[in-house]
Amino acid sequence: MPFFTISKTILRSLFGRPATLMYPAVPREYVEGSRGHIEIAVESCSFCSLCQRKCPTEALSVDRETKIWKIDRLRCIACNFCAEACPKKCLSMATGYSPAVTSPGETEEHHA
Amino acid sequence: MDTLTLILYVAFAPLLGGLLAGVDRRITARMQGRFGPPILQPFYDVVKLFNKENLVVRRSQTVYIIFFLAFMVFTGGIFYAGEDLLLVIFSLMLANTFLVLAAYKGSSPYSAIGAERELLQIMAYEPMVLFYVVGIYMASKTFYIETIATTQHPMLIRFLPGIFLGFLYVLTIKLRKSPFDLSTSHHGHQEIVKGITTEFTGPSLGLIEITHWYENVLLLGMVSLFFAPNLWLGAGVALAIYLLEIFIDNACARARWQFTVFSSWVVAAVLGFGNILALTLFG
Amino acid sequence: MQKSPWIIHYDGSSCNGCDIEVLAALTPMYDVERFGVINTGNPKHADIFLITGSVNEQNKAVIKNIYDQMPNPKVVMAVGICACTGGIFRECYNVLGGPDKVIPVDLYVPGCAARPESIIDGVVKALELWEGKRRKRTGRESIQT
Amino acid sequence: MIESQDFRETTPERLIGEVQGMRDAGYRLVQIGATRTEGFEINYSFDRNLEFVNFKIRLADNTEAIPSISGVYWSAFLYENELHDLFGLNIKNIHIDYQGHFYRVARPAAFAEKPPPPKIKRAVKPTAGTEVKET
Amino acid sequence: MRTIIPFGPQHPVLPEPIHLDLVVEDETVVDVIPSIGFIHRGLEKLVEKKDFQEFVYVAERICGICSFIHGMTYCHGVEQLMKIEVPPRAHYLRTVWSELSRIHSHLLWLGLIADAFGFESLFMHSWRLREKVLDIIEATTGGRVIFGSCKIGGVRRDIENGTLREIAAKLRDYAVEYKDLGNVFLNDLTVKRRLCGVGVLSGPDALGLGSVGPMLRASGVAQDMRLLKYAAYGGIDFAPVTAEEGDSYARCAVRIGEIFQSVEIIRQCSEKIPGGAIEIKVTGLPEGEFYARTEQPRGEVIYYIKANGTKNLERLRVRTPTFANIPPMLKIMTGCQLADVPVLVLTIDPCISCTER
């Protein structure tokens, strides 16, 4: 029938369960390996600043003197390039994005 | 049918209309595989709109919108008070004209085209609406709604099946449902943005929304008239028809204006006029 | 609590990733209409201005224009890294930076591309900001009258 | 499989004739693109059933007049306006000439600028960006 | 009455800013004047600042819909210049991801075109199905729209053979739903009224105007860059999907056909994929010039890469399918109905961020 060809689909949807995941009432379970945000195990960091040089968006800054590793979350594109480059393997990609903020330019600091 | 129903209509039609809109949005969402908004969402929307700034292009816009609302309430009022059906039809048309005028005042190309399309829609459904009045008169021998609704006689639908179906066809236009949501639509993705309502903000838009609730309740009342004097059955059928319209809305692409106008006229000619012809010949 | 955020979405100069995620947030899996969100596409009806991508020479005026057409109170939400800081295109010669170079931005949602979950969180947060602005506005009006 | 790369040299004077020949032979215009070298290079690419042909014009600078091929391939007007706006190339008689309003850019003819010398930051990169971890 | 209607750059039907000035007589469009540049970033010039390996990240972000194929084409071009032999397994993985992105892109397009002709529920259902493909993509690459799984010399992530077969089986199940959806697009009368005979482009016209991809194939020209046998397409058995009518309906039919074709290609890949490494070490620097051509969901994409033996490329030029499809779009829009404008704009499957780069 050339009319209402979508009937089957919409009626099945009407009486079935909606496909909605109900986030945020139901927290999202991310699949393993989903690229969300970079985490650092700062105690094993050698502050070699290789990650800083590899970062395509200059989101990272490493200070060898003061032993501070900084990230600007509003710059990070979660490309995983730093984690791949890290010689100490102290950077890792975690699932889930960092939350929304109301003011830009705040960096997150990690002290050794 | 008296002043009581009039008061009930003026007071409760927005509530019923808003609730219907809420149910509509929920069912639509479910048909689309979504969870959908709360049933009371239309009310939240309107409350929000009244909290917004009213940006107007010309001040007369708001005046026209107030007239639109006032005439719609008047139209519904005389319908539910059981007055003259002819008056209902013509003042309904007048109310819609005010909306068109308000949109023309918006002086943006989108609202101008929206207004133009609204006029085309009026042109499309008006013949069928006129047949509706004539048919009801021929079957009941009166224009007075109160008499039609309360006198004991066989149900009108037995004489007017063609007009009933034809009226359903144009009801899709009046309820602004797909495939005939040309001038504006509830799902805003349209080539003319929001069409006729593009240039209204905040409170004005809220008034338009409330007017549509009044209008929808009036239209469903007109459907239930086919089942007079069994008005409870009529109300039930009207609700079922509303559900059917939601289904149609979700199962069709938007038509072009040519198809809307010509198909409505063909429907009016075949079903409406045919029905009247049959009544004249065999009635 | 505000329950009816209508959004308008404008694609600054994003790569499309965030745009389709904004649209995806409207579709069955994420369904932001649960919170009353409608994607109006009409600045005059909108409460939340959702910008993806950075600002360049040509769309600067467009963004300003849309912002000016929105009735108060309104909230501006920058979605995605490009809209927050210019992202990977920051160094491009035609990119000025995030939309905060042109209009005041209230909320920054990170992600490349921003996930629908982030966008939902952002909208929920934007609602609180909107409510604050509404209170401030009605407060100001009552002082004036 | 490596696709064959067929580059042919031509000059602004011979261009229209060559392009007309391609059109007559049933080729499709694939793209027109320019490169900033010491001077400028313009590439005209054509395709016929995956057979890929390029014509290259070398110019000393971007003031030299080049005839538009939009009379032969109507769709060339997009590419030619782009070349004008981004490279400042002087293309004559474009079918639909935007007069430099095709792209509104922060810096006119930015692509005509010579690339800056590599930044210091990149120069000190330990392995010059060629190190790839084995998995 | 002649009026000029500004269509875009902000418009509800199009998520992207394209600006058209429509000269309208009542409801008929008599002339169309496009203006572009709303997304122009000038990213081709970034090659001067980013080294050629890092640039993969930029290439992927030229467009968020065909992201993977952009990255892959860039890698393909550089690899050809540097004469790098990419391991066959990496080629197969690239093919799988290309086809997954084709499925998701075509489902996205089906949703958008449904939205353009006012069929909201069809839009929702198309995107519901698309989410399932995105889940597969996220599970295998870690990203929903920006895959980030391609690199020069191979790929970043492996998919186990078992997982690949599971994906193929899953897609076969989804194909049943795609069929239901395709049935609505191809057989529903209200939809057909909006698509049949709208925006007709003949085969010779399509070639003459330089159109590419489904736009060209819908006019009866069987041209598909995958026949160039890049990545693993040499080992895959497939033929371009074509249609004869050249109208919007034909373009819709071609894209629906390609969804099933992609499902089939992924099945073949899951059976034929060889073992071995997924990347090789890249040494040296690129030199020379090369045109890399691949088939995106929207058609042929061209990467012109010119390198001079330094870390930074001398020139990168990207000619995207939408750019090539704009002239035919202008052609078919002249004389159309105002109501058909969104449909016609969408039938070329516009991707403006690709176009303007």
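Chains here go by letter, A, B, C, D and E, matching the order in which they are written, and residues are numbered from 1 within each.
By our rule, a residue touches a chain if its C-beta (ideal position, glycine included) is under 8 Å from a C-beta of that chain, and two chains touch if they have at least 3 such contacts.
Keep in mind that this is a model prediction, so the values were computed, not measured.
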Set of chains whose contacts include both subunit D and subunit A: C, E
Number of steps on the shortest touching-chain route linking subunit A and subunit B: 1
Selected pair, greater C-beta contact count between B-C and C-E: C-E
Chain at maximum distance from subunit B, centres defined as averaged CA atoms: D
Computed distance of Cα centres, subunit E from subunit B, in Å: 43
Where subunit A and subunit C are represented by their mean Cα positions, the distance between them in whole Å: 20
Distance from the mean Cα position of subunit D to that of subunit C, given in whole angstrom: 37
Subunit A and subunit E, separation of their C-alpha mean positions in angstrom: 26
Interface hub residues of subunit A, defined as touching at least two other chains: 3-6, 10, 13, 18-20, 22, 56, 77-79, 84
Subunit E residues counted as touching two or more neighbouring chains: 11-13, 37, 40, 42, 45, 49, 54, 57-58, 61, 121-122, 124-125, 128, 131, 143, 146, 188, 190, 356
Overlap residues in subunit D, where contacts from two or more other chains coincide: 103-105, 110, 125
Complex interface listing, subunit E residues touching subunit A: 50, 54, 57-58, 61, 121-122, 125, 128, 131, 135, 138-139, 142-143, 146, 148, 156-157, 180-181, 183-184, 187-190, 192
Subunit B-facing residues of subunit A, complex: 3-7, 10-11, 13-14, 18-20, 22
Residue ranges of subunit C touching subunit E (in the complex, touch as defined): 8-24, 27-29, 39-43, 53-54, 56-59, 62, 66, 87-89, 91-95, 112-113, 115
Touching residues (chain side subunit E, partner subunit C) in the complex: 9-13, 15-17, 37-43, 45-46, 49, 57-58, 61-65, 67, 108, 111, 123-125, 127-128, 130-131, 134, 143-146, 351-354, 356
Contact set on subunit C toward subunit D in their complex: 56-58, 93-94, 96
